């Protein structure tokens, strides 16, 4: 049987590969969406944080002998702490201003972080091996699925839906949503909004670092790994509806699949397909797929 | 200082409070004292600084100086959420209902800061509209319903000092009447209330004392007893 | 020419099954001041939003001077002489008071898209703008930046700007909300003044204003018309008294 | 006569971006070394200065910089000019201003074909030589069916075209290609396609991070043991960052390997001491080109572009980088290339011990012959 | 109040006059190619500022206009062989047309969605430019002749070229200035201040935004075409989203919504880029990043904006 001129087996394997990439998009765009939602800041430094996550994993392994599993915890914590510091020192001053300023500041931050890493580690990138326990692959019949990639999907989805649950279904989540909207009033009701905001930024950034650790064994760990991805992730967030949690998760996964299919049908166009989808979606639904207008 | 023998201990005292928004200096040294269980109003024209006085207590202005004592504690340097946790409930004039939460979530958002607050059921009895629309997103409520919700959500927390900014604004007379009854009950329960009102007919029977503001300064203090004789003057200054 | 300038027929609006406005047929007589009152959540704002096309109706039609305008864009209706004013003060804060009014007048020149012309070409509107400002008593503030004016004066400016469009029908949403007594009387006078040769439909909670100004009153409850008539008629209607005032004397409800 | 009595050499390179490891600061260092060595050895009567700039990989910045150097600072030659778009832009300006370009870093063979001019020397390597060397060797060793993974831009297309021609000429077959956007990050879709094609060899017509990721992911998806990869533009810096585990067994062609003989080792160790990295073929070529240029200036006693160019074209090059190298009329510097295989991790005895040299490809065979040249300067 | 306004106007006039004269003599003191680059980007930023600074529309796709116009101008000059002024005009028209297309698709969106949809459209343009053979793809469109202005004046001299660029810039600057101070500009201001109110006064807001967008796009195109003439090449850099970002930076750095801000911002960015790249090598991005951060934290109104605020403060006290 053939679909789109491909045997079903090939199609199935391409869909799966697309889903794997979609998992990265989902985790990254989720963090971005949370940060935008609560801080009203378009975090241009998100790619840099993702890159830092991967580098922390690499440094932990090569310099301190800390394994992948350790890195999976350490990197988000360290990068999250870095995020907390950034929020406290810099972003805090921008909340009352237009989006534009947050964007500019985080863009500047991204330049700084990337520049420093480039200076320290060169541009070519470093290799990070797949952890022992996840090496090898699973022959699925239609394809050979590297175990590690299967793990990526599982880990990413767990984190995404865990986050969604926390935000939509718990009291803490209600504080977050309320604090997003009108921090002053929520604070006047007795909730410590500044801390809430700081922690949220830290958490969003930690998600990026988590994605970075997940990515380290798959991609070369390089200072530019984040900036290349960032603009696509932005598109994902916008298509999903700015600040919508579920929107960013589903759109991330969905776009991964659509992009994967494009790579097969018209590879040259795979870098542009996200934007085509974006124009179409925004034309039909001005606030994105899941956005509140 | 407060003494245990006084029947009405002093609950809130503002001394020489100045408030600023950015570079504009709005309050020019306000002094006022409210005792436990009292209800006072702040009167004045539009822009005279009544809302700003309430915001200063909550720490919601750009900058403030002077002294604000709450129940014997200096709170001028405290963060807003701490002040709220000391048992101050604030109902802002713009209502500030949260769109991303449902009506009921809005109602239950604020943490309970002390015992003795109303239960959700009591509140629904008081405002049946809210019960009916409990699952609707907060800002999809009508203007008046939002006003009820803004008031209701601070009744739940057990806060003993209520700062109420124009709570009758946009409410139908039926509801205004009910609110008047509620405030009377609250007073009896020992709540301390600072009211900012345009609706003098509503405020006059409730208040123990009236403070009159003009251009950010306190120009008169009128105890309830003196109200009849000062009515003419008030009419002139405020146009009521 | 019909006696009624605005007419709705069976206008309804549902929000996810909740009927905020149901089957309201309302006629506004040409040259009258018509008020819409009712308890909170009765559907006044929703009705207003339907009539001004800020919300699409679930069913029913809207007619302006006998023409069906249910599906017309707001800007188009505005050009027909059907203008709304806003609940929140709707001015252009960083323009001068004169410029504010001129924006309203400018469309008549037909040069609003001429980006190559000098601004000075607008000076010929100044006299007309001044006349309008004088009409609402703002003549001496012509050069003030709007943001610096008091609430009541902004309200007056907004009305002056609206008048620039030579509206036949003005819709006012709670025109006295948030005002001190002094401003209220100023605005009431103003409305009375500009109502000559015009029709006004307003939503208002302040019953003294309603009693003062309005020729005809429609009372909404739970999305439907409960009563309609002059102030005297309505204020004697026991149903209205119960649903809206909560006592048996309407004057209790005056501010 | 030397203008301003100074010979000014500009190093216009990528100091901060994608290509800063394979050219970048290394090129600056190589230039510095060449100047110092030349001064020490030849004691020239003229002063030599070096200026450097980062073109951020933008052709317009490069062209503006070159123009400024020529117009304001009296720069005599611009060197390195990494990436083809940059090189082409600089060549145009240089031609206008009649100054020399020492292209040690750009790849495209078009520099000495349709885009050639009489002020440019393409030194070191080009896509033709690399593709030719690798593709020929791999096909000859039995890799008859190929699939290309190509970066979708001019450079990738050129490499793919050059290599396909060689493969077919050797009796091999090209089964298909996948053109991926540049830059990309996940190549698994394309690799699965390559896998499905059943080709014996997957030719990587991409560079830098793209190539590194392709190689890594090919191993991950279990493609490499069954199908082999052939990198068509790999630098030692890439192998270093990818590690031998990922790259072992690959064939590639290079113009320089530091561990080839005593001379290369001696120079490379000096380079290493300052840079902490072994030189790429671009760094070595940069040294050689600058040295040759200075020699020609000294020999002619002028920095006049045409005279120096004529001198350089008639002087054979014999140094650690190239033995018996020569600069042809189309500007191509022709020298021996080396087909190498990447060592297994177990075979690597010391740091940077990465390659086994499998064959030396004589210059005339390695580079496109003058007869096939599309350069208008070559009269046929 | 009135006096205040007119004194501000006098000051703007005086600054304009001084700058104009400075522009005339500058190439004798400063390297002309550098000046030309500053002017081209300055015009680009002015065009962008018209949208963001005066209507509040953040377009993140302005590179498309700069770039496409550059390519069109390049093709007309090199492959068709028209004179430079026709090259610039055709580039400008092409950008205007493209702007109209973008505008029709994007104008009804607001805020971040508007920014993103313009970005997406610009990415598609980038893709087309990359894929279409005639543009030279990654290699760029090279070897554009400067030609003879009106068929007479040889532009290969930097001085002649400079005065053409200067004339183009002044024209563009004038158009922006005029647009802001026109009946149309009045409505734009009104829309920025209170869009809902403008609608209720009977103005079809989308149409105004669209016209402004097209003007801005065409002017950006004019800058792009001129830049192609100066550097004799059009490259992917000009169509890349980084360029769209850079123009935001220039405008903000100089002062959003000020008349001279964009020019100052572009001069600063161009200077930094060329000076830093020689001196600090790989630290250039770190330094640029630090400048943005500092700028956001301390110079929020941009250089010109802060300067004006300072003058005002000094004037008041």
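All chains are identified by letter, namely A, B, C, D and E, in their written order; residue positions are counted from 1 within each chain.
Just so it is clear, a residue touches a chain if its C-beta (ideal position, glycine included) is under 8 Å from a C-beta of that chain, and two chains touch if they have at least 3 such contacts.
Everything numeric here is computed off the predicted structure, so don't read it as measured data.
Under the touch definition stated at the top, subunit C and subunit D share these contacting partners: E. Contacts with subunit A and subunit C are shared by B, E. Comparing mean CA positions across the assembly, the chain most remote from subunit C is D. Here the spacing of subunit D and subunit E, counted between their Cα centres, is 38 Å.
With centres set at the average Cα position, the gap from subunit C to subunit E is 43 Å. Note: centroid distance subunit A to subunit E, computed from Cα atoms, is 33 Å. The multi-chain contact residues of subunit D, meaning those touching 2 or more other chains, are 16, 20, 152. Listed for subunit C are no residues, as none touches two or more other chains. Among the residues of subunit A, those touching two or more other chains are numbered 115, 118, 268, 271-272. Screening every pair of chains for touch gives A-B, A-D, A-E, B-C, C-E, D-E.
Within the complex, the subunit A residues that touch subunit D are 10, 13-14, 17-18, 20-21, 115, 118, 122-127, 129-130, 137, 143-144, 146, 148-149, 218-220, 222, 224-225, 228-229, 260, 263-264, 267-268, 270-272.
In the complex of the two chains, the subunit B residues touching subunit C come out as 45-47, 93, 129, 133, 136, 140-145, 147-148, 166, 169-178, 198-202, 238-240.
Interface residues of subunit E facing subunit C in the complex, by the touch rule stated above, are 1-2, 178-179, 181-187, 189-190, 193-194, 196-205, 207-208, 211-212, 215. Residues of subunit A touching subunit E in their complex: 42, 90, 93-94, 97, 99-101, 104-105, 107-116, 118-119, 231, 234-235, 238, 242, 268-269, 271-272, 275-276, 278-279, 282-283, 286-288. Residues of subunit D that touch subunit A in their complex: 16-22, 152, 178-181, 183-186, 188-190, 192-193, 196, 208-209, 212-213, 216-217, 220-222, 237-238, 240-243, 245-246, 277.
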